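Heads up, the thing below is written out as structure tokens.
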Amino acid sequence: MASVPIHYYLFFCSVLFCIGVLGVLIKRNVLIILMSIELMINSINLLLAAFSAYTNDPAGQIFVFFIMVVAAAEVAIGLAIVVLIYRTTHSLDIDVLNKLKW
Amino acid sequence: MTTILSLTLLGVLVLLLGILKKKTLQLPLILVGLLTALALTISDWNTARHLFNEMLIIDNTAVAFSAVLIFSTFLIFMFAAHYYQGVQRPLDDIYAIMIFALVGAVLMTSYGNLIMLFIGIETLSIALYVLAGSHKEAITSNEATLKYFLLGSFLSGFLLFGIALIYGASGSFSLHGIQLFVIANGQNLPPMFLAGLFLLIVGLAFKIAVVPFHFWAPDVYEGTPTLLTAFMATVVKTASVVAMYRFFSHTFYGIYGVWETTIWVLAALTILLGNFTGVYQPNLKRMLAYSSISHSGYMLLAVVAFSPFTGNALLLYSLTYSVATILAFGILILVREANGNDYFTSLNGIARTNPVEAFCLTIAMLSLAGIPPLAGFMGKYFLFTTALEQGLLWLVIIAITGSAISISYYFKPIVAMYLKENEGGKLNSGVPFKAHLIFLTLLLFLLGILPFLVIGLL
Amino acid sequence: MDIILLLIPIFPLLGFLILGLGLRAIPRKLTAIIGPGMILLSFIFSIFIFLNFHYFAISPVRYFFSWISLPGLNIPFAFLVDPLSCLMLLIVTGVGFIIHFYSVGYMKEDPGFNRFFAYMNLFVFSMLLLVLGANYPIMFIGWEGVGLCSYLLIGFWFKNHDYNNAAKKAFIMNRIGDLGFLLGMFMLFTTFNSLGYAEIFAHAKWMASGNITLTTITLLLFVGAVGKSAQIPLYTWLPDAMAGPTPVSALIHAATMVTAGVYMIARSGILYVLSPVTMTIIGLTGLATALFAAVIAIFQNDIKKVLAYSTISQLGYMFLGLSVGAFTGAMFHLTTHAFFKALLFLGAGSVIHALGGEQDIRKMGGLMNKLPKTWFTFLIGTIAIAGIPPLSGFFSKDEILSAVFRSSEWLWVFAVAGSMMTAFYMFRLLFLTFFNRFRGTDEQHNHLHESPWVMTIPLMLLAMLAFFGGFINLPEIFGGNGGLENFLAPVFADANAVMAKQPPLSHATEWTLMGTTLLLVLAMAALAWYRFVRSGRDVVSEVNKQPALIRIAANKFYIDEAYETIIQKPLLRLSRFLHQVVEIRFIDRIVDGVGLLVIRTGNTVRYIQSGNVGFYMFIMIIGIILVLFFNILI
Amino acid sequence: MLTLILILLPLAFSLILPVLKGEKEIRIVALTGTVAEFGVAMAALIQYVTSCHCQLMFTADWLATLGVGLTFSMDGISLPLVLLTVFLLPVIVLFSFSHHYRRPAAFYSLVLLMEMALIGVFTAADGLMFYIFWELTLIPAWFICAVWGGNDRIRITFKFFIYTFAGSLLMLLALIYIYFRTPLPHSFDFRVLYIAVLSPAEQTWLFLAFFLAFAIKIPIFPFHTWQPETYTEAPAEGSMLLAGIMLKMGIYGLIRLLIPICHLAFQQWGEIVMILSITGIVYASLIAIRQEDMKQLVAYSSIAHVGLIAAGVFALNLHGLQGSVIQMLSHGINIVGIFIIIDLIQQRTGSRNIADLGGIARKAPRLAVFFMIILLASIALPLTNGFVGEFLLLLGVFEYNHLYAAAAGLTIIFSAVYMMWMYQRVMFGDTTPMTEHITDLNNREMAALIPLVAVIFWIGVAPGFFMDIIWPDAVRVLALFNM
């Protein structure tokens, strides 16, 4: 555990994060975008955990708990919105909705 | 502290009333509650305290801005009765969520620790996602909430990443710890920290609606129910700007700000793009959205200047801006209900049918345009002075160009109201509503003529 | 005494105010009293001043109040009473009164009776300021004032558009001169730090001759004189000015206003004698004008036009006189000219009156016995102007001529040629008007009548003056003592001191000169007699079948047309160009362009807001990348 | 104290007016307001002691910590302009009774608001106050022109507003900039602004900022294009307020701020602005010659006249300055008079197009007489106010440079050309169908015009009164410049 240097974690998490970002950018389906966002957030959780482990500072891990809670709430809202959208547009494509522009 | 507790309590009470089907009591309770909260907040003045080992820092800045936020919310709630009249469904949830959002905002003004900042932002944002979509039937409302949600959660991801990196670099979430770290490293901050810092900035910039992270603003503003747009345009913006300013002032205070250039550029972009885009808007609500974008640019001016006076300038500016904007949205509510759309054409000739409303909107517009002796002018004036004092001549020139351009769209409603022939229906506002409008108008005059009521505080 | 002095101009002003404010209210009878009455009063007072002249000998300048006063610039409202201004006073008020008196009869039927007298009084007022002022600004007040009055009076019958154009023309041409005058004043001020005659002349006396500054000043002032006294090139307004009622032509465009230029130069004589260049220019201008106008006058058929051109040419003589330093001569001729030219105009007026407005001499003739008084007085006027002794014109003109001869023989030759032409056209006028048979319509013929006494008495008075006027300055070869000469001497003392003293002509030469001139003049008169009376050739269809040269002359050498094409039209075209192209297409375009640019930009950038979430995210990411890139990697 | 009253009185009246109902009362109150204001001004005049600086000073703290004070005072430059304002307002209001505007209450309260703002501009002794009132004038002016104006008013008044507003923002920038160069504690008080430490380079920039702000307002060629169309579109009263008083703010600004503060920049720019002003004179006069619309003609003539005033200011000598202030009075009075006449003609005949008019002189002799007098005053005939001003101005310019004076002097000729041309075609000749039944002035209109004419001759014959008020402070300004 301790043998793994911190920047490995850093690099790994960054990669995960970027994957999440790319997912958000590339995908058009709301659900998948939600998942990608989750991925981003989880990569951050991992990073935080790693940091706190290395600095022997509990704050990081505590923060992770907070994030989990918030993320859960966010997803709950997110899904609710998805349902709402689906009711009106019968699709999960984000590009369908662009009445509001210019 | 008391503020946050009282507000939370208030929110819970509102929900309770909702369960007890006491619709009529809700609004009065809220208004009273907000006023008490305001009172409690102000009672914290000059009693700087650190709570939960620096999770919260209740200093005067925090108090002042919390007061502004609560006051704005109060002003917005004054419209609620008229806005929701005739709506059958229970409204306790909306009201409660607004209040919880306010709690989030207050947290953002008084955080002492990035965790709290995050909590505050999320409380605010999640609540707003809901509010944006609160008009379930309207497809525009749906679109607004979707866009806001996606972009919001996406960007908050970056915010988090930034916080994480900062933590990694400095080994602390607390502003104090970070400050120590910054002081220790001085000029050569590690790239990781910088990366974190800028991601944090980006995250906040998104909330403030700074170019190029502003894209959500116009669409969401347009789609969201007007009352809540007002809330977004004022409370959210103020809270976020303050959060940003607070972060800098607690961590970088008195040190060269690495972030200066970036914010400089962002501010310039925001001012220019905001104003330019506003010029051609046929839609009053969208126009207000762009105007709010340009105003966030002006607020950044103060942040860039980052002098001891910045706090004062921001305070006055956010207050004047909020009041004027709320006033404008108040009229917009009437226009919407009279004509069913937000286009300038539906303002045509209302100067004859509703002189009072026309006058109020005119004052609001002039104030936003920054014409003396209205509050807006004083706000702008202090921003410019703070900036010039720091020698940001070119930024100020850009800002001035911006406000020259802004005239062209702030005058559109005035021209429509006074110089066009009436076609849309008459706005019908009750006496209390009118009274409130007039109150806001007077407030604009008051703040313009006696700015020292606010300006000396911080 | 100061009060009396002040009252002299006050009276006409009063008259103007009374008649002007109560325009319609005042009955004609009363006007007929007030109008001339006021002038009479100031005439009497002027005589009084003249008699108590010694009183002003010590301190000729009288302050009344300070008009424009600043540190370093003090322009008092002050009058100067010296021989020169006295002389002018008498002329202005005297002749002025006679003409006012005449007008009572002449304008009897006119609806604008009161207005007419109001203007006339205003004119006299301004003229008095002009001659009395003790500094250039006060003179300038009068200078512009008379210009205004001439504008008002030329355009008196304002229904007619040509008349109005004439009026406007007069005013504008005067204004051109006034600009020169104004600049001259400024230059005077910057040079002498004062605008009062006394101070300026006192300093100027000691300046070197041919001093460039002085030359400029004098030239600028001369521009003013050219405008006012209708010299080449600014003379064309005067003939048109005949559009005004005849008394106006008599008073303003013959006797007083047009001579203001002469007065001004005589007044600033010392400055002029010190700048020979200017003097030469004045001389040439004067001579040219004298000849040119005379030539044109020969071929004019409008009785008043003839007189107008003759006035121009006579003014030319005066300037010629000034240019050779014969200030007294010039003033003398000015005086006599005032008499006989006023007489001639009034005579012409009475003719026109008799013929019910007919002005074309080809339609006149044989009026001798119908209007005997007019004819006789007109005859005297003609002889006077032609310069036949012992009438006034002879002496004054002779004085100028001899002065000219003294400076250069050639000038003299031309001058004489001029006076020959004068004789010719004047006699032509006389003969065509009063001799032979009547060529007008029978209807006119039946109505022919001598004018009423109000009009004939002034004629006689003026005739008297025109006859004996010469004796005020009899040259000593006629045993005269040069009264005017001595009277004006103190004024021109400095100037004469500076003037290079040519030896006075021997009596022999003088006699010969006079003789030749006289003979030539008489010859011309005879020629005119032969041409227009003896061979009673029909003159009606004269102009058209003439050699080209004469036709050109008859058309005043097309100078007006030339001005129109050279100045007026291009100016208007320029004006249109500036407005249509520079103003609207260029400057305003730029201003609007900026606004347009903003709107266009606004309209384009707002399409970035595509409404597409994916796109938004994409841009945001780019933004984030840029931010990080610039801040961390660089 | 009186100064404060001067500012607050019109404000009070303008606040009362909207409450009233019924045109008659409103008019009466409005007129009383302006007349009362005039009375107060007279009281101030009595208290005023010539040639002692900054009189009738009123000071109160307002953001004292930031060096902004409610400071108002008068001196020889501002007092005449205040007098001009309080004198013209009653005339304008009295004249305006011949119109029946809709919503008179709003109209008159805006007019009074305008008066308040104008007085504020002229009396402010503090940079920020100056700016605030400066902007404040813009709002009522815009509303008056835009709401009661002609057909194309929206576009044109908008242009007018944004153009002048942009200019004045530059002024704000410059003011704040100077504020930070003032010795500590920073202050906006004029007297402190004058002693701000500014490098030549800074002064150059400030000069340009100020010059643009004022040049647009005055307007100096080539920043004038908003003006003719605004005058033509604005209602008569609007044009009067703009041309008669508001444009004087620009000149006043030049004297108050530009000359004392940016004196070093004059080495570099003085010549250029001088040339601009003089170009403006000739240019505008030439254009005026061909105008068919009387209002437009007068607008261009006004550009020429103020061009001369500006030139006089830039000549930077006593005569020029003195002349400029005198001429500001004269121009204000004359142009208001002309606009009154033009509007009366328009009311009666329904046209102000020269081609449609003619022969009015015979039908309406009184009108003709007044028109003639005012016209003569505006073409600077001696013994009218116009002459005193132009004489001093041209003298000043002449002392600066002979040739410029010659060029500027062309206005003497051109003004005669176009004014006489207009008068002749409108007043003389045969009547047209439009002028057939024109009626002569009634007593109210006479009452509005007589004071103007009286002052025209007063200043023309005995300018001493104003001269003595002005010159000590003109000297003072020059002292500041040479400092």
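By letter and in written order, the chains are A, B, C and D; residue numbering begins at 1 in each of them.
We adopt the following convention: a contact is a pair of C-beta atoms (placed from the backbone, for glycine too) under 8 Å apart; a residue touches a chain by one contact, two chains touch by 3 or more.
No experiment lies behind these values; they were computed from the predicted model shown.
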Most central chain, judged by mean C-alpha position against the global CA mean: D
Between B-D and C-D, the pair with more C-beta contacts: C-D
Between chain C and chain D, centroid-to-centroid distance (C-alpha), Å: 37
For chain A paired with chain D, centre-to-centre distance based on mean C-alpha positions, whole Å: 66
Centroid spacing, where centroids are CA-atom means, of chain B and chain D in whole angstrom: 43
Distance from the mean Cα position of chain C to that of chain A, given in whole angstrom: 99
Chain A, residues touching no fewer than two other chains: 21, 24, 94, 97-101
Multi-partner residues of chain C (each touching 2 or more other chains): 595, 606, 609, 611, 613, 617
Junction residues of chain D, two or more chains touched: 162
Each pair of chains that touches, named by its two labels: A-B, A-C, B-C, B-D, C-D
Partner chain C, residues of chain B touching it in the complex: 146-147, 150-151, 154-155, 158, 191, 194-195, 198-199, 201-202, 206, 212-213, 215-216, 218-219, 258-259, 261-262, 273, 276-281, 405, 408
Chain B partner contacts - residues on chain D that touch it in the complex: 62-63, 65-66, 128, 131-133, 135-136, 138-139, 143, 146-147, 153-154, 158, 161-162, 165-166, 169-170, 172-173, 176-177, 179-180
Chain B-touching residues of chain A, taken from the complex the two chains share: 6, 10, 17, 20-21, 24, 30, 33, 37, 40-41, 43-44, 47-48, 51, 55, 57, 59-60, 62-63, 66-67, 70, 73-74, 77-78, 81, 84-85, 88-89, 94, 97-101
Chain C - residues contacting chain A, complex: 606-607, 609-614, 617-618, 621
Of chain D, residues touching chain C in the complex: 159, 162-163, 222, 225-226, 283, 286-287, 289-291, 318-319, 322, 359, 361-362, 365, 369, 376, 381-383, 387-388, 391-392, 394-395, 398-399, 402, 405-406, 409-410, 412-413, 416-417, 420-421, 424, 427-430, 461-464, 467, 471, 475
